[in-house]
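Next up, some structures in structure tokens.
Two complexes are shown next, each including subunit A; its partner changes from subunit B in the first to subunit C in the second.
Moving on to the complex of A and B:
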């Protein structure tokens, strides 16, 4: 059961990154929109320890506006960046952050 | 300082430092050889093959998509499955692809409004079964850090200046998927065959740092650059 639908605004959590993960620092704390669903995959946090029976989560393609990711972005307002994020790293965007 | 080198600076670091991953690769390879899993000859033969795959598979996919709208739709809908139509099986590492457990392949279509470019900021993920080995610059921290932060400037350094009404969309390949850009078919290619079209779909046009042109193929000598 997926938590987010295409078009939902989501914020990447500022979560603990003590061990392996693949959620880039530049996306954490930032809000984007879900543009595609990906399958359910073994999350990198468990895959890194070769836990083949580890946690599986739905993944999402999240599209960010570049100006929302970078202070003083020098390109255009329409420029975007997409990357894949596991569901556990996402929370619904807060009101007013859309 | 020498007579021909009259300024002082810190020593330039050797570029051939061996990384932890190089050490790990060598250690595992030597253990595998000692254990008899494969021979040094097997390894050499494999590397010779893997390093010459090249971007021909990707070029073929794009050229066919330009000519066949139904193929294009299939390719955009399911890159992994559609690659099999040209003999590249992402699910069979010992087929014509390179070994990879990353078998979700997505083709990103450029349009008059959107230009796509790929990067892997966390390491060097690259769609090897269709593009072969990544170019050195693709793997450098220099490209990986900067193309997400200053994409238009980095593309300009490659000679690609995009119009202001085009959205630049960077794809940071950080999980299981691998991406390849489908450039737009350039003018001046009307009536061309699939082979002719494939020749102008060069590696860099499928990474997204260049656009194909009717008067350019990767086989041409750079000295002959048309202006």
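Moving on to the complex of A and C:
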């Protein structure tokens, strides 16, 4: 059961990271839009330690605007960056963040 | 002949000219939360981190690089690890090795380390094999 649909605005949580993860620091705290569903998979935080009780989550391709990610971005306004994020890292974007 | 006291005063004068020494970074008594945040940044998360420009080199994989790739896949096939464990092992190498080694040298280093960690080979056997190969190379065969 997926929490987010294509087109949903989502924010990457500002959570503490330690030792190993795949959620780029530059995406955390930023809001983008879901553009693709990716298959469910073991999340990297559990797969990296081969946990027998490893959590399986749906993944999403999230599209960010480059100018939202990088302070002082000098490229075009329409430039985007897409990356894959596990569901547990995402929350619905708050009003006004869209 | 310079007397010890003259040497002392000379050294003090030189120390006075030298820039303030940087704080030692090995095992300080305390660090700030901000510094701790920077220290625990996971090494492979390089996007957006400050760095100098790197020249782009368009090269084919060398034979040893392809063999390293296949070896790591075979280790996964035989249940020694998975790709995510390999990536974590690369992070676990620490900043000096992570950023100092070439890409596939990181792979082959952590593959060897995984075999040692699992008790499949001993670190002494690995070191002895490296010495064997080095001796063979030196003998020119």
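Please note the rule applied: the second predicted complex is superposed on the first by the 96 of 98 C-alpha atoms of A that agree within 3 Å, B and C clash if a C-alpha of one lies under 4 Å from a C-alpha of the other, contacts with A are read in each partner's own complex, and residues count from 1 in each chain.
Operating definition for what follows: a contact is a pair of C-beta atoms (placed from the backbone, for glycine too) under 8 Å apart; a residue touches a chain by one contact, two chains touch by 3 or more.
What you see is a predicted model; the values in this text were computed from it and never measured.
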item	value
Room on subunit A for both subunit B and subunit C (clash or fit)	clash
Touched partner set for A:70, first subunit B, second subunit C, both or neither	both
Touched subunit A residues, subunit B compared with subunit C	B
Contacts of A:80 with subunit B and subunit C, given as first, second, both or neither	first
Partner chain(s) touched by A:24 [first = subunit B, second = subunit C, both, neither]	both
First (subunit B), second (subunit C), both or neither touched by A:50	second
Which superposed partner A:1 touches (first subunit B, second subunit C, both, neither)	neither
Subunit C-contacting residues of subunit A that also contact subunit B	24, 26, 44, 70
In the complex, subunit A residues that touch subunit B	22-24, 26, 38-39, 41, 44, 59, 63, 66, 70, 74-76, 78-84, 86
Subunit C residues within the subunit A interface of the complex	40-42, 45, 47-49, 81-82, 84-85, 87-88, 91-92
Touching residues on subunit A, where the partner in the complex is subunit C	17-21, 24-26, 42, 44, 47-50, 69-70
Footprint of subunit A on subunit B - complex, ascending	104, 121-122, 148-153, 164, 167-177
